[in-house]
Amino acid sequence: MTAAPFDDDKLHEECGVFGIYGHPEASALTALGLHALQHRGQEACGIVTWDGEDFFAHRALGLVDSTFSDPGVIEKLKGHIAIGHNRYSTTGGSFLRNVQPFYGDLSFGGFAVCHNGNLTNAQSLRESLVGNGSLFHSTSDTEVILHLMALSKKTSILEKLTETLNHIQGAFSLVASVGGMLVGVRDPLGIRPLVLGKLGSATVLASETCAFDIIGAEYVRDIKPGEMVLVDEKGIRSIQPFTKSGDRFCIFEYIYFARPDSHLAGKSVYEMRKKIGSELAREAPCPTADVVVPVPDSGVPSAIGYAQASGIPFELGIIRNHYIGRTFIEPTDQIRHLGVKLKHNANKAYLKDKIVVLVDDSIVRGTTSRKIVEMVRAAGAKEVHMRISSPPTTHSCFYGIDTPEQDQLMAHKFSTQEIAQKIGVDSLSYISVDGLYRAVGETSRNAPTPQYCDACFTGEYPVELFDKVNHCGNGRKVTALQERQTKAQS
Amino acid sequence: MTAAPFDDDKLHEECGVFGIYGHPEASALTALGLHALQHRGQEACGIVTWDGEDFFAHRALGLVDSTFSDPGVIEKLKGHIAIGHNRYSTTGGSFLRNVQPFYGDLSFGGFAVCHNGNLTNAQSLRESLVGNGSLFHSTSDTEVILHLMALSKKTSILEKLTETLNHIQGAFSLVASVGGMLVGVRDPLGIRPLVLGKLGSATVLASETCAFDIIGAEYVRDIKPGEMVLVDEKGIRSIQPFTKSGDRFCIFEYIYFARPDSHLAGKSVYEMRKKIGSELAREAPCPTADVVVPVPDSGVPSAIGYAQASGIPFELGIIRNHYIGRTFIEPTDQIRHLGVKLKHNANKAYLKDKIVVLVDDSIVRGTTSRKIVEMVRAAGAKEVHMRISSPPTTHSCFYGIDTPEQDQLMAHKFSTQEIAQKIGVDSLSYISVDGLYRAVGETSRNAPTPQYCDACFTGEYPVELFDKVNHCGNGRKVTALQERQTKAQS
Amino acid sequence: MTAAPFDDDKLHEECGVFGIYGHPEASALTALGLHALQHRGQEACGIVTWDGEDFFAHRALGLVDSTFSDPGVIEKLKGHIAIGHNRYSTTGGSFLRNVQPFYGDLSFGGFAVCHNGNLTNAQSLRESLVGNGSLFHSTSDTEVILHLMALSKKTSILEKLTETLNHIQGAFSLVASVGGMLVGVRDPLGIRPLVLGKLGSATVLASETCAFDIIGAEYVRDIKPGEMVLVDEKGIRSIQPFTKSGDRFCIFEYIYFARPDSHLAGKSVYEMRKKIGSELAREAPCPTADVVVPVPDSGVPSAIGYAQASGIPFELGIIRNHYIGRTFIEPTDQIRHLGVKLKHNANKAYLKDKIVVLVDDSIVRGTTSRKIVEMVRAAGAKEVHMRISSPPTTHSCFYGIDTPEQDQLMAHKFSTQEIAQKIGVDSLSYISVDGLYRAVGETSRNAPTPQYCDACFTGEYPVELFDKVNHCGNGRKVTALQERQTKAQS
Amino acid sequence: MTAAPFDDDKLHEECGVFGIYGHPEASALTALGLHALQHRGQEACGIVTWDGEDFFAHRALGLVDSTFSDPGVIEKLKGHIAIGHNRYSTTGGSFLRNVQPFYGDLSFGGFAVCHNGNLTNAQSLRESLVGNGSLFHSTSDTEVILHLMALSKKTSILEKLTETLNHIQGAFSLVASVGGMLVGVRDPLGIRPLVLGKLGSATVLASETCAFDIIGAEYVRDIKPGEMVLVDEKGIRSIQPFTKSGDRFCIFEYIYFARPDSHLAGKSVYEMRKKIGSELAREAPCPTADVVVPVPDSGVPSAIGYAQASGIPFELGIIRNHYIGRTFIEPTDQIRHLGVKLKHNANKAYLKDKIVVLVDDSIVRGTTSRKIVEMVRAAGAKEVHMRISSPPTTHSCFYGIDTPEQDQLMAHKFSTQEIAQKIGVDSLSYISVDGLYRAVGETSRNAPTPQYCDACFTGEYPVELFDKVNHCGNGRKVTALQERQTKAQS
């Protein structure tokens, strides 16, 4: 019921962050918080703690559960401040040097930092830093932040942070540990989420509220777009390091990325999804249908919304196999044509001779959709009507979400009618952009300054794609410079 | 949406079996079949093939996915006959020698066998065999079958099988490879399931039909109670090796064990569960409720049934974390009291100030139920009414299901009223035994000769508990003899 | 300076055994004893203990050091009796089921056994046992002993053992734990070694005395050919279970197999080797030589003997690389022709322009010898004279030593003159059979009943090769029966 | 017969280097070269290659053999230039980030470097670099070189290298790959070795000539103290980047570090050791002795020298167990007092009732010496006379050798007489400093400017201990700065 594990035809969140100040079990609580945020990144994870004197770190490729299940590891991570990070598995570049949080031993002391998002001018900054003699050790955009901090000539840590933040552009929710403080920063437009909570006298930061629930922490508020909070023994200070800010939270967090049990900007993600489903039922009804079937697991809440709004019964017409791990049984070529279904199975009793409304959250490349429709038809469905709880995904994301290149996005290349044909459905409807805005509580999209970042649907990028515009990398893919380094470091 | 992985307060199926005759990719298809049957056993798995001349085997502790993902392993398993087995993790005795299928090089040739179930006279047989000089190498009841085959003085394999089968008692669905034949046997009362299918010209046997779906095989029929099928190049022979038989299929397969997308005895498991939910809504209504919430994942179909029958909205009020693996983050003692919730989280938006009907399939020890109720209340539920889609579990199973000792069964020790208090609900109702029979299509339970095995609810054991009665082990736990061996073999 | 690790052109001892009675740290001491006996077998090792009530076991593929370095493993192996075994890596058949000691839960109690040697009628016994309904689980000849014990109708353990021992033929030094006793048996001709020692009040058995030295135990005496010792709380009983016996100890133990620091039959192995070297210097002098160079490491003692007897200086003209592990860097084809020398290097300063006497213990296939001679010549040696401290190896061993098939033995196919040419030396001499007997203290070989087993040099096999003669396997290679089982068990 | 593996009471070489230019199998040859240099460092190893465009790297903790045995790894390391490194296991700091060669993606292109030795001003440089905004990622002194290269404002690579080399002080033999060149540098005093060889048209650099022998390369000459060679398609250029230089090669390489089959400065290491043994026999004779026994394996050549010079027979009175791996069987406390001898065993036949001259290369802490003497006495030796083939080790090394702190050096705290008593010998003699110089071919030590670095015996350090003098670390131990980083990076 959360983001589907290892689903290869979905957009993927590139990271989750967590931070805690003022708890003797800081590292254990961070491990639990990261566990709750596992859906935001499954490639690698790490924790850095501070005990008032020293920093301690543990990073590994793999899931939080296995990385931090050894009590010896947690014990080693002493201290009352901890920050942690989950990393999503992008193709290539998956090596230990890229696992966050990053740490640098700078002239003024240690500095540990991690972030969720993507810096849109990371390449330009990197090239200029290397030109001046900085030595990069990873291919991650996060390392730029360390070098900027190391080189800042400002005297106080707060000034160094402010200077550094004003050099970077993009979408980022950043958590750092420096000078005895836990620091949290959200980019000027608040594209990626970051929430603030309390656990007794301790202060907690996390990408989503589900990381508070797991440890029994209380949600206080969202960090504001462009806000920096500094937490230390004197309490929480709120600073505005950026010259200007707005509010363009990523609307896709409501559609798919966030866990349904999280609240973001005070709204229940599960409720938003159900409302999108209801809106979809209004915009794209299917009155003759016998049954509403979600594509598990991410399509479930909007399917329930659709079913409740339309009065058509909700049924689990597709069953997931729970035991899909990282290691797949690879069917041999000879039996692949048998149409082996490792992940899903049709629940025939509820599909045979039925007119089926199939609800899914998005279509990216369309490969999985086609297979699922085929399976539903093979189970005897009379008609298959696909309803998608997002508008067509026509543009790549450069703000921390792993999207295929634009020319691989089905909705970029084909009309809805063409897609319907290609995936083999009797009808296909996406929710409209305005419908989506209505579902999340707006009257409509405010075209001049939209309330959310919806670039993947509209192509309106709220932060300049600096590297891309300056042909300095494409903002998300590694440049020649980085590729070279990847080979030499692995 | 299948049997919950690693759920520790559930009854557990002890095995799944699969067999195929007449396919050049027999081992790969068996691996896929076992993958679909993974919910029936997660400790270990194995496959034995026959290529017309030699037997080939691979067995390992671990899931099917990782054990058989190496193409080299599948390649090694040559031949057109294959049998496979998933083993459930019972405490102790988890070592490689116990992993099925078992193989013996007997005087008349090789014999490979595996089964799902439990032999109720295995201890008695073992003691008598050891007394006569047989050497046991495992602590599994299955090995008894090998020794009986080895010692049979009959001349034909068919006669040897018949003689062997008439020595063993209990519940078993057995798949074997011997003399160029694939053999399938179901115990005289058909307590454990076994279905027959076709994949082109190949013949397939499996515990459940979901193992046919994954490879695109077609369901033909259920093996009949007390039937033995022998499959070879001449086709399928059906034999009745037992002197008498009946029909007492395990009713708990419908309630919990089987995958919802399977059909057993021609009935959709998912549909049975929904009907139990509907029946439960009639027997134990909760008219003031705002919301019907399943305990995920096994409670979902009956909760949908309950919701549809009652008209109360179905909501996912509890969210599961998908990333629970074999290795758990163990919260330290100091933070355990925070009530860390590794597996589930409350979806507060749908519980707060609500009257909640919580639907689950069973209560065994009651430990998980209490925690879940606590979590639902902490999320702000006004009232919590628990509805259970099985009658109270008052007796242990000796037919292949891992049940706690009877004195640990909550329903054995306490009245429904007391249980309600202990788990903290405002009301608690189980479906009645007759209601359960109605839901699965009977008018009522036929008391003199019930249509199903329902011993765990009624204590009426259809097969004599020979070892137990004769104080020869208790039929399910290892005796001193076996314990001794376990230590010496590990 | 012991048997060279992983040397592939040598004969190899197939096992080492150890047993201890009456020590609270029995398992730890057994692990240490096996460590000292590692040169007798590197594939796998195991220990079985008895604590007065239960047997405990641990077996694994790999070296003793890594298998038993985990204190938890040793702790698990409770008790005051322990037996242990090192297994040599024969090609194929290397799987856990074959790792000794073997254990059986027999009608009269547990029985654990392991042995060093080879049963020459194991196949015949196995076939007859399987024909009567015994179920074999390994492909090891040792399992025959278990079945014979299991089936014996005698009443006392002593009688069962005696009956069993009179069924088996071949060369074996056997250690068992049964009925509260530690049992040691040496075959009627005493072909394989077995020594008895004391450690305080505890009694120790081992293949060689070096296993006593490592734990500070005191050597008492060799077990006599055909003797069985039974050790329990009442002390040590000596029994003669066999009808007749002789004394034909394997003379190759002195030449190569045993560790140089061991004493066998009261004689220092190192001293025997030096004496063989001296005798060789007398039989095959090389008066013009500048330097005596051993092929490391096994040729060192006889080279010292040769040098001292001849007055020619001993020099380490060939240096071994200590870091050759199980995993080899495999040179690619393209650079193999460079003549990469992973294991040895010439010490040029002592070979250049020198007349070199190269001393080695044996030539089996001759492959390594040729390479070493080439290397010595490439380093500038003027002449190379090879001296071998054993007679030509013309026959295979069937008594527990891994020898190639006879047609792969260089000395079976070629004359000494031809071998000299093939390996590229200026002269080649082996010690004579009589010279060898003189070196170990005899006046000469007693042809009618030789004092030692020297079958590999003379072809006179002191124990009938029953399986071979009866075409029932060839005594050492697995038969079709076993091969079939190997595939099905792995 | 090489540096003893894992010997804990010896000084240890901290590294070995290898480089090759102009061979299509550069990486495979480097792996073989590192394998031959394994005695110089066993903790970790790495290779970086360049194929004309990209750099490729593989680094791992562990031995060369296992790290580079996977053909896929070698295949990945494309190119005709390769450099490689073996790292010694110092306590702490053993993590992947410290494994060389290091690589930096600098403004002018990639730069890969590794070295054997120790920079005596690394801490001072590091602190100043961090103060200016450089970000360190390891705790290795080698990283300083990367930063200096990155920050150099010179225009050509040659000038950048020269500038960098003039900033660093200490003992170092450095191999680098940059700008299409293979670079080799030896420190101004040539303290650590570096030799140049040819393999057909390819050029090779290595710490010792044994790395040439393994691949069949030909020795050309030693790199001169203070020389830099640049190898590219135009050939080999020799440059003098330092303002002044001398010749103070580490004399301990002859005594213990180098492999006996290597030639350094044109001299056979084995021959030097034998000559030291002969000189020792003259300086400290033992005319009554029966036998000369080396402490294996490093004492063997000098024992042979002693034996030949004195006419007393050389015997292997102590036997090593070849199977000591990284994982030790840890004897329990209860049996430790039995005096368990995991590594060595006395060859009693040659010690009993004998007057023994025991020859070893050095005494560091004295712990092993005491145990060995005890063992020799327990074997029945009448008298034990220890002869050491180096002068007393009274001072720590700061030039790349792992020495204990000075106050743990036995010869720093005690007189020879006292040491003799403590280790329990009847007499103890070290070779004199002048005797040592004579043995390696000098008439005597030239006191004003000695021909070798002998600081560990004399305390005369030829390169200023800058960090130590300036209290900036102690040159060899990590400072607080580095310790902090170690915790935060691991």
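Letters A, B, C and D mark the chains in the order given here, with residues in each chain numbered from 1 onward.
Throughout what follows, contacts are C-beta pairs under 8 Å (C-beta built on N, C-alpha and C of every residue); 3 or more make two chains touch, one makes a residue touch a chain.
Predicted model only: the values in this text are computed from it and were never measured.
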Centroid distance [mean C-alpha coordinates] between chain D and chain C, Å
38
Per the centroid of Cα atoms for each chain, what is the distance between chain A and chain D, given in Å?
50
Cα-centroid distance, chain B relative to chain D, in whole angstrom:
62
Check: chain B positions touching at least 2 other chains come out as none
Chain adjacency by touch: line, ring, star, complete or other shape?
ring
Using the contact rule from the top, write out all pairs of chains that touch.
A-B, A-D, B-C, C-D
Can you list the residues on chain A that touch chain B in the complex?
1-5, 24-25, 28-29, 31-32, 35-36, 38-39, 42, 63-66, 68-69, 71, 74, 199, 210, 213-216, 259-261, 263, 268, 270-271, 296-297, 300-301, 304, 308, 313-316, 319-325, 327-332, 334-335, 338-342, 345-350
If you look only at chain D, which of its residues touch chain A in the complex?
48, 54-58, 96-97, 103-107, 110, 112, 130-137, 146-147, 150-152, 481, 483-485, 487-490
